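Below you will find the structure I want to go over with you.
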Amino acid sequence: MLDHILSILIFFPALAAILGFIVHKDSMRAYGIIVATVEFVLSLWLWYSFDASISGMQFMEQANLIPAFGISYLLGVDGISLFIIIMASFFTMLGIATLTETRRIKDLIITLLFLQMTMIGVFAALDAILFYVFWELSLVPMLLIIGIWGGPLRIYASVKFFLYTFAGSLVMLVGMLFMAYFYYQATGQWSFSLLEWYRLILPENIQYWLFVAFFFGFAIKVPMFPFHTWLPYAHGQAPTIGSVILAAVLLKMGTYAFIRFSLPLFPDASVFFMYPVAILAIIMIIYTAMVAYAQKDIKQVVAYSSVSHMGVIVLGTFALNVEGITGSVFLMIAHGIVSGALFLLVGVIYDRRHTKLMSEFGGLAHVMPKYALIFGIMMMASVGLPLTINFVGEFLSLLGFYKQSHMMTLLAGTAIIVGAIYMLAAYKKAFFGDVTKEENKNLKDVNKTELLGLIPLTIIAIWLGIYPKPVLEPINNSVEAVVQLMHDKAISPEAKSTIPSIVKFETQEAH
Amino acid sequence: MLEAVNVSLASLNVATLVPMTIAVVGALAIIVIDLIKGGLDKSLYVMISMLFLLLDLGAVMGSAGVFAANGTQLGFFDVMLIDGLAILAQIVIVVASMMFIPLALTSKRFHEFSYPEFFALFLFMIAGFQFMVASDNLILIFVGLETASLALYPMIALHNRSKSFEAAVKYFTMGALAAGLFAFGSMVLYALTGSVEIHQIAAVLAADGYANMGYVLVGTVMLLASFAFKLSLVPFHTWTPDVYEGSSAALAGYMSIVPKIAGFVVAMRLFEFLIHSGVVWLEVILYAMVVITMTMANIWAIVQTDVKRMLAYSSVSHAGFVMSAVLIGTTQANTGLFLYWALFSFANLGAFTMLWVSRQKVLLPGQSSDHPFEKFSGMFQTSPIQATLMALFMLTLAGLPPFALFWGKLYLIGAAVSGGFTVLALIMALNSAVAGYYYLKLIVYMFMKEPLNEGQNYLVNASTSLKAIIGMAAVASIFLFLAVSPMIEFIGGFVYNSGY
Amino acid sequence: MMEITLQHYLILSTVLFVIGLIGVMRRKNLLLLFFATEILLNAVNIAFAAISSYYGDMTGQMFAFFIIAIAASEVAVGLGLLVLWYKRTGKIDLDTMTSMKG
Amino acid sequence: MELYLYTALFAPIVGSLFAALFGMSKKNIIAGLVPSALLFVSWLASLKLLIYILGGGEEVHVELMTWMATGDLYVPYGFIVDQVSVTMMMVVTTVSTVVHVYSIGYMDHDKGFNRFFAWLSAFVFSMMVLVMSDNFLGLFIGWEGVGVCSWGLIGFWYHKETATWAANEAFIMNRIADLAMLIGIFLVYWNTGSIQYHEAFAAMPALDTSVLTAMGIFLFIGAMGKSAQFPLHTWLADAMEGPTPVSALIHAATMVTAGVYLVVRANPLYDLIPDVGLFIASLGAFVAMFAATMALVNRDMKRIIAYSTLSQLGYMFVAAGLGAYWVALFHLMAHAFFKALLFLGAGNVMHAMHDELDPFKMGDLKTSMKWTWIFMTLASVALAGIYPLAGFFSKDLILEVSFVEHHYILYTVLLLTAGLTAFYSFRLVALIFHGDDRHTENGVHPHEAYNFMLYAMLPLAILAVVAGMIFKTPYYEMVTQVLPAVEYHIHNHTTFWIMTIGTQLFVIASIVYAYKKYAKAVKVDKKVESGLLYQLLYNQYFIPQFYEEYFTKTYRELSEMMWKLDMKVVDATVDGVANVFHGTGKATHEMQNGNLSTMLRWMVIGTVVLLALAAAFTFGQSEGVVKMLSGLGAI
């Protein structure tokens, strides 16, 4: 069974979703929870069976899909994707368990299970086209989640989300086709297998063009400035569950893809574009943090803060050294946990008051102390307090990039300042002060269902902040392999010197 | 006095004619049956047509076997040309027709299907298309084209609504103009080369090194205009939305597939040799036409208010997309053309059939056309399965992976990439995004809006056979990716062995 | 007296064809529009016949015959549609035929 | 010894978590007692370690577990107890134990009692992490931890707008400095390859001076934020919004001295870059003077003490900057005791006066609050540096250091500041405890604090008296094993005595002046108060206003602008692209007007255009076109 665990992880939710059509709608939630829990346990099993000391791919599966065009069903996980997969199944479980939506709940759960399939597929796929299939397919359930269960502007938001990311990924698709074509030219064989592509060393100018093509797809997904404007709408209109999964998992597809595709395929281009990308990342960090500060809707604050943090992730990725990339992968998980939790928290108050405007609140700490506490912990995690999960990632990302540029890191580092500004300001507006609004005087504190979702997240946020090793170590091993691959593949001396060679691997070669 | 010519039956290679003959015989049989005993039920004719189509398909497959073994077959004084393209196109034509004909078995009674002539015309039309693709001779192509077209016009008109008449008249008149242009173009090429066989023309032109480039271009322009009409390339596309709107959804779906594949094959035969011989002008013009057709049709589709018209523009856009294969002209591109069209036919037929099953006899109050978007408002809540299927077809048409059409797109854009058409590849890709908008629009209506009119029945016209067709199309849309590889190999082999 | 060469036939054919085209563009009466399309085809017929004779090749004439046959069928179908349309609306004016657009 | 180390370190967090269990329920005395007891345990453990170290024991160094390890980076949870950290541990645990016990009384009627202790003990834990870590990042954990606890405690009364505002201000200002600190850490890592103290410091002498300078500056900027040095000083005065025990513990004794501790800890680095040291010293002297001047005229009891803290921090930085690390640390310790005492006394006064902070509305409290009066006077004497109290031994030493090091300007500034210090301290004491009764008219009837609170203060009072005298020699001997052992003696005996006695006289004169001016009836001199200088000092040199006007407001407006930009430009562009398609469609779909004539014309026009293009192609030379198309990849 372990040989096919990835396939099982991918298709079990989809199968369950299809069978779910038969389940009665009153029992649907229980069904969803059971399915998602089984899936989560399976993903934990994956972790348990995962050999952290191996840097390469594990649990590989291969089957020919379209051999005539070199497309295969190729799966595998390494330290980079493992935890994102676990996180995807974790959040789906949590999301279904804490669901407060009552309208068309059966459809919602089925949609979520399909979404889960696509999410896990993206992170497990090692064939570019397979990756693309899941990548695109993930748009549909999300479109429906936003479009059906969203707010007043839901149609606009969902269509914008869909078309924007769709357009970007089509450019990426052309890039993939080029990549396959170059592979064809080099070897006389079509192949979309990433592992095959890794062996291809492309001339620099081609790398540049392909890097740009892939960049469009990824940057829109991340979303990087200036392609980020779909995100506030999507978050603003999406139901809680949608925002949670969008922020926690879907955005990670972009940054993950940078590490999976852009860096190892185009090492020279990555070095060449390091500064431009870093500049975009820095703009993302500061600019969106400022925009977040100007927001009146607390969900928008969290949404823009998401963009801002994704900037740090991108920056860490383009540090092109082990510290930075490991940090960025870790931060992906950290950001998933924290922003997921923040969106859940926003959902809690939205369920009670059906508004997300901060001016409607104030003094919530008096009436909802537990809520305020959890929100406070998550806020502190979000601003990167040491011993919370975000700090490890942010620190490593910035540390990594500092090797490349002092000034830019200094600018990017303002993330910790501007992040604190909007978060604290928002917290102050919503939680501190006196309770002024009559409606807020009798608000119920978080209930058991909500705690069920929030407490595990809080525990993870602190646990992995204090002891990140179980996650950091596998990531580190895989990232070292990626960096070494980049170093070996780099053509220009500049790139060779920018991307470090890992000592460990050098000694192995010597023997 | 002409000498008596002795022609041995073997040299005629009658086998090349068998598929078309079967279709013609089928048509005649239907007429004869009607003569003997009128008033028979339409299901009889449907099944007879089906039978003959099956025979037809068998014959095509037979010639496919011959082709695979012996290569291109010529027949009837070299007028018939059974090469890979002809076989592939015939397969698409016949299979698509087989999927169309059961659509006549609606639960509501529609005027046209009660006439046996309809089915006769249908089979004649198929024979016409088959002739069109199975020849290298401009005369036969012209005859085939006109046979098919002249059968098609009455079929549209038989729908018996004023819009249908209008559509038929428009189509007919423009078709007549196109016929004139085709004839003129053939005449110019004939004047230049003294031959009406495409390979002969190519050989003669190549021999004198395209000395009369100006005249070659005049001929090319005329032929191009004529085929642009058939393939609905902008600005020769204006008939498409009107004709689709005027005809029944089923027929519209059919028209978006079969006549075009016939057109593509002829376009490939005619234009690719020109492009490969360095007629830069044609390449430029085709490039522009492809881009304009794809883009503008998409843009116009965005602003449509009727689903069928939207689908009409979308099929124009798809045609533009596929026309790029002719422009690129590599084996991969030509393979992609057939692959794309085969995959497209399932999704498109599925979508049109979905419209067809929801088609009322009379317009609902407040509706100006048969299938306005509002009609589908909130469809998911009243009939979830139909809505899901419709959404599936929309997503397939939008080229969303892993649904069938995506693989065609992938392969064709891949062909553009390997053909060196970088910018074209990008334009093709981005057009998919634009197209995404209007396909989504229907999904938005179905899933995200509240139902407008209570009791809107989306299955008013459904019958087992219609459902079966939809199911087939849906299954094909989802699972056809499994067959893509064999298809590529099969098509690729045929295309390559035909020298394209 | 000037000898009539292939050139002249071709020019005549082209002129006729252009007349046909103009007719197609200008005519608002459906019946006259059909005439114009017939002119198109017959213009081509002249050329085919002339070229055929010039090359001493029968193909052109064959083509011309086929065109004649097709033109005849076209007329049959076209007039049929025309009659139907006339029966329905009582008009054969093109401008009344605009129920579908956009 | 490891057991003691862990006990000292983790006892506070256990107390914090224990109190947090009661965080949302009603006041429970247990929630105060247990953390206090645990802190006492922590104090005992620290004491044990101190005795061990004093007895010549090896430094205790432990690694609990790995925190982060990736690439070449290896960060453990490593803790070290050496001469420097044990000093800090003693200071921290002593003051915090006292403050905890005191708070049981002080927070008696507050409904956030339990929460208070959770925060307070958490703070102590963070502070212990800060001083005990064996690497920069561990220090940073504590650094941020104290920041967040400070945020929670300043904003403890979160219903007050000013409190929450001050909390956020403190946090954000500290964050600005923390960024520099992080950059400093990055520099250390990438240049020395480690962030462990001993490895990093060992590698530093081999490094380029410019790199070291950058390191030193960035780390110091970090220290500036925590220690509220100019220009990041405004938060400290505003932080007085928090409960007074918090001010005593965090904003006087411990957290604000973390910056000094950092410089002391990084002494191997700063020894290599004397220029930066001089800058630190100069800034310190400036802040000493600058803060003292603001304290002169302020009318808020707690703010006056806060400014005095600021001023004393300046002294410490002078010492640290001049390389007299042990002196800086010594003053840090002495200052912690008497300043905490002063704050706690102020807390008693506040309680008695129903949270009145303006000393001009008090007066003559010595009758009703005798012990508080004695304690505060003692603390003020110690602060003023009168022999033989603690301040004399530590503060005057700093004056000597600057003299011996030939920085006479610094010396002069510090001497003047000493006078100012004495003046404002006794201005406060005189206003509160002497003179007319100005509070009864406001309906306030003061009473002394609980006895156990006074007992709690007693150790501090004793320490404020004896710390200098008794501890100096053993401390010196202990701490100079790791810190540079420089004795600062003025070799000329005459000069020494003139200076010492002169300073004492100058200070006493200031005290007398303050008493004369404020111990009797308070006269308000309108002319002075409307003067420019007074206004300048009273408004804190208009710096808070300046910050509000030019930073806070600008940032807010800029943010609003960015939002508009985001919506009106970035997003509008995206929508614009979509609208181009939609608009084109709307504008051109009428080309299909349904009229057959038009359709036919389109066809004919299309053909004619194609013919025209063909003609153009044939006749015109089309090389340009070819070129253009090859660009498109068409050829």
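Read from first to last, the chains carry the letters A, B, C and D; within each, the first residue is number 1.
The rule is simple: a residue touches a chain if its C-beta (ideal position, glycine included) is under 8 Å from a C-beta of that chain, and two chains touch if they have at least 3 such contacts.
Quantities reported herein were computed from a predicted structural model and do not represent experimental measurements.
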Result of counting contacting C-beta pairs for A-B and B-C, higher pair: B-C
Chain whose Cα centroid lies nearest the overall Cα centroid: A
Centre-of-Cα separation between chain C and chain B, whole angstrom: 26
Geometric centre distance via CA averages, chain B-chain A, whole Å: 44
Rounded Å distance between chain A and chain D, as computed from the means of their C-alpha atoms: 35
Centroid spacing, where centroids are CA-atom means, of chain B and chain D in whole angstrom: 77
Contacts with two or more other chains, residues of chain B listed in rising order: 169-170, 173, 177, 181, 241-242, 303-304, 422, 437
For chain D, residues contacting two or more additional chains: 578, 589, 592, 594, 596, 600, 604
Shared-contact residues (touching 2 or more other chains) in chain A: 163
Chain-to-chain touches, reported pairwise for every pair that qualifies: A-B, A-D, B-C, B-D, C-D
Sites on chain D touched by chain A in the complex: 23-24, 65-73, 137, 140-141, 144-145, 148, 151, 155, 158-159, 161, 164-165, 167-168, 171-172, 175-176, 178-179, 182-183, 185-187, 189-190, 555-556, 558-560, 562-563, 566-567, 570-571, 573-574, 578
Residue ranges of chain D in contact with chain C within the complex: 589-590, 592-597, 600-601, 604
Residues of chain B defined as touching chain D within the complex: 169-170, 173-174, 177-178, 181, 213-214, 217-218, 220-222, 224-225, 228-229, 235-236, 238-239, 241-242, 280-281, 283-285, 287, 296, 298-304, 420-424, 434, 437
Chain A residues within the chain D interface of the complex: 160, 163-164, 225-226, 228-230, 287-288, 290-291, 293-295, 321-323, 326-327, 363, 365-366, 369-370, 373, 380, 383, 385-387, 391-392, 395-396, 398-400, 402-403, 406, 409-410, 413-414, 416-417, 420-421, 424-425, 428, 431-434, 466-469, 472-473, 475-476, 479-480
Residue ranges of chain C touching chain D (in the complex, touch as defined): 21, 24-25, 27-28, 33, 94-95, 97-102
